[in-house]
């Protein structure tokens, strides 16, 4: 018999997290009269602590349209391999029992864990250790299996598309090529969908290795056909055939600027060097995570939050919520943690991009 | 053996129409070398005429991010019951054979018809009369069956949600109730989804008759609980129990302002009169149709356009494209024209809204 | 020697009000160590009460980007003619002494009053009664003299312009005329500037009476010249020559829908009736007030707030802040309350609109 | 007696350029019946060529809301020091006479030159060589004297402010510092105004040298005061005291990534290294130039275009248009080219930022 539940958010922030929190709080309090406690800073809040904040209706007022998470998220993360300073060196210790004990101290009967595959893996192991857990899948770059899509992704694609719209006018005025590096270490969904929506000429994904020569040749052909500007969208995890040495910049020369756009900059350098076209690089980075969630993500986040409370009520622990077609359903956490949702190089979305005349990798 | 195809857009304009046109043109020309001709102003362009414009790659450049349709749409519409002036009176004549003849004059081997249920009904009958037709379903308020969703709807929900965000700050500052009337004559999807995303307090839909007393009581209770402002979202087709006479304004007194928000204004009048709360009405009207399509609608429109060309290539005439889960598939036009996609009053989306504390009709 | 100050916001809400409040609070606390108390709901909070809330740094965190005012604004208003129920009837009484007494109770040494001409008039009279007042001018439709411009106006023009962008695509697709009614009872700045920025074809202002025949003729000529759509922007206070009877709708038949757009609807009816062009009306209403302030308004509001604190420090009571060129300066409240800032019919902005081919009234 | 005029746009693209072009074309054709010819790609179009395009009303339809310039802009630039390949080496030659001759070939009686100080310098010299020139000042980072402000700047500040809004939610969720590098090689206006509007904690400008120790200490103090996140806005031209070696990264190690944010990255590295706060860098780069112009910039650009035509009519050659207070006036080109409009370190805008608690350089 549930009286009180706890919720935490883990991993990178994502538009829609607050919609989930709000959905959980309102569904728990309004119809069921449960109490809700928020765990601060992801699992960190159950390692040192517990660090908690009571969540009532007032605490979730006005957060639906705010990005990020009011609970904060963890920066150190995994309780099973937790970095601890010991005589100068950093050891990775298993502090999971402390997490279980601290959860007990919160007095909550169940825990909602919102996070990506890493966070959900932890959630499932904690469930096996006796913490009644319900998962809510989160991934901004849509690389999670087990759900059609999750919140945050739609907002991110919208932000990148808006950026591509802006860059078109500049590229057109200056007859330039512009290379835009976007999120996507393993999965190229953001690059592919925003590339289609933003009318890119070339899209480079982790799933489809590309040859830099072909990219440069393609741009060259476009110019011969009188096209005066060129937009290339590159996922941060895109892999050139022959590895990352598409130009003579070694990793260490790269000043640890991966976050500032290794691969994007390298593709740009190659285009400028080989085609003599003035080329610029834009790295969207954290711009893609922030800001007001789209209506789609607010609705999906709210539905996930409400459904998570239902799962708790029904005692479906060790499981997670998911979107299937138009319905929000229960699903196995295993579905989300055992494999990645990658772009299918032969799939219809890649096919659509190519039918539109976009070069997709290769 | 296809050499040339034609395309027309019918019914109300909708963000994403240009993405469909562009997708058809590029998929037809780039890979297949077909020619494409655009029919102007919907079926009107096949009644007087044909009025056509050749569509090459240049003519669809830069239209992906533009709302509306570069081909224009019909204002008089149905060739089977076409209004014709005869000795002062207007007769409804069947001019469908003229449409067939004019289509032949275009020299096209197939016709892509983009439109809602009315337009698609016509398309199917023309197919039976020998015009090889492929349909692309269009509906801004999501009332079409046969496809999970179509382009335009996501943009409309986003526009309404943004409007609700804005109105919240005004309502909050003035301690007012604000009634927002949105699109949805038969189906309340826009009201329901934007109401959830925009944090509405009451949502009124065509599918769930409401009693004005209950609405006023609900607002009254909110005030007693210390809530200082109230947002009510009303679909234009929402039906009060006891018909449209929720306040003493007869239809004719209403100055033919239905389009300017009969039901919204009436609900507002009732709240102000019975609860003594200063209440304002906002009618979004055509604002919901216009402007830059969202990334979601640009992608879906592009996929529909590309798929329509495939259907022609495969000879699937008398059929239409549709979204099913994550895939764009072939579907029967009958699916779209024989019934409406209505909100299920017992469905999970209404349930979610109620779990969040929103009053949904009744 | 100032130790504590109070602030209130009066009149209609306006994007940037929170920037002023935040500016006052931060400038007073950070450098000067003053205390700040917020008066709730404009002067109402000094009539019943005082109703106050302490304002520290935490209370103004995150409000810079929020529309409206966290202090609320008055709905009944003028303490010198305050509506009071007495034996069933409503009397207008002078309760200004109560305001002075309640201000004293707050313990504040000075009062910042943010509001339009009505609110500032009251502020000045209270100053004469011994309340040390500093004014911050506020007007969303830019009708205040004494300052080049105030916060809120830039945001409003931006919202209307965005709406006009959206409506263009609809009007173009359907070959319609669309009449957009915008704020501006006395001054037509919003209609004029958004009309120029949003590429309107006709702009109707309070300052330049228009003849409906000329408007209809102008639209007719445009159609003869092959223009397929027409956008008319009408300020709510625009006056047709011959008064409000441009069509046979009497004021009372109009269902008290002035707020829902009397004049806009009437102009639309006339165009449709006389030119046979399908015409739609959109009334933006409260959409123009709400939402995130533009960067311009956030900066101006912040500068006004900081400057208001300086005026208090220097003892410039009975005066207000103002924008002059690029500088924020001190100004007489009389400047703002004694006359309206109207569009000059012979001025360069009207001239610019006409040079661009826009019909401006007449 | 003017019959025909030419127009070109030079230098970096800027939102509002198309508004100027449209204003010139409409003002010249509608009232005066002049012809207008567009010069392509800035002065390049008068060096090779002339490369021109006739501009009628149709050619400027729908461009008001589009960023960039439909005429393109020059990439090589200065006709007085023009890079020409000669036997393998690049020589800088004076080809200005070719420009004069090619202008004559266009048959135009006057030339409107839209550009920044470099472009306007050239314009004035060409005027001295007998080309009747009128200038329109353009600068996206507001570093031009002779006009209160020009088009493009308001849009750029808006884009940066929106980016800061987004980054706040991420920084808050992760308890991070985020360093945002923005445009401004010589003048810090964009950093200063967007920093105020976007609620930055530290703003670094070219005009006010900063000591990296003070920046790190300031962030450290904020953390001690319980502030969990920190936003630093850095103009690309900001200069640390002791030069660019704030961390051990030499210019050449920096992989020629200045454009990708040398100074921003260096400040971020220092904060992370010295305060142990996870810090991220975002370089907005070309995102700041592109996209739909704000209403302010559309209006100002339109006014400048209309005024430029008036100057030609009145024979005010060798001069330019400018904004002064609320009026668009004539001004000397010398005003714009002889000195830069820099932020005044003792000025009221810096003072406002500091009063709000923002650290501005030093």
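So that you can tell them apart, the chains are marked A, B, C and D in the order they are listed, and the count of residues begins at 1 in each.
The working rule: a residue touches a chain if its C-beta (ideal position, glycine included) is under 8 Å from a C-beta of that chain, and two chains touch if they have at least 3 such contacts.
As the structure is a prediction and not an experimental result, all values here were calculated from the model.
Asker: If you match contact pairs by residue number, which of C-D, A-B or A-D shares over half of them with B-C?
Answerer: Matching pair: A-D.
Asker: So which chain is the furthest away from chain A, centre to centre on CA atoms?
Answerer: C
Asker: Could you state the distance in Å from the CA-based centre of chain A to that of chain B?
Answerer: Once rounded, the distance between the two centres reads 32 Å.
Asker: Could you put a whole-Å number on the gap between the CA centroids of chain A and chain C?
Answerer: 42
Asker: So what's the Cα centroid distance for chain A and chain D, whole Å?
Answerer: Distance between chain centres: 34 Å.
Asker: Touching at least two other chains at once: which residues of chain B meet that condition?
Answerer: 165
Asker: Which of line, ring, star, complete and other names the graph you get from chains that touch?
Answerer: Contact pattern: a closed ring, each chain touching exactly two others.
Asker: Touching chain B in the complex: which residues of chain C?
Answerer: Answer in residue numbers: 9, 12-13, 15, 17, 41, 66-69, 72-73, 75, 159, 162-163, 165-170, 172-175, 178, 228, 249, 253-255, 257, 259-261, 265, 278, 280-283, 285-287, 289-291.
Asker: Residue numbers of chain B touching chain A in their complex, please.
Answerer: 22-23, 26-27, 30-31, 64-65, 148, 154, 157-158, 160-161, 165, 193-194, 196-199, 292, 294-296, 298-299, 302-303, 306-307, 309, 325-328, 348-349, 351-352, 355-357
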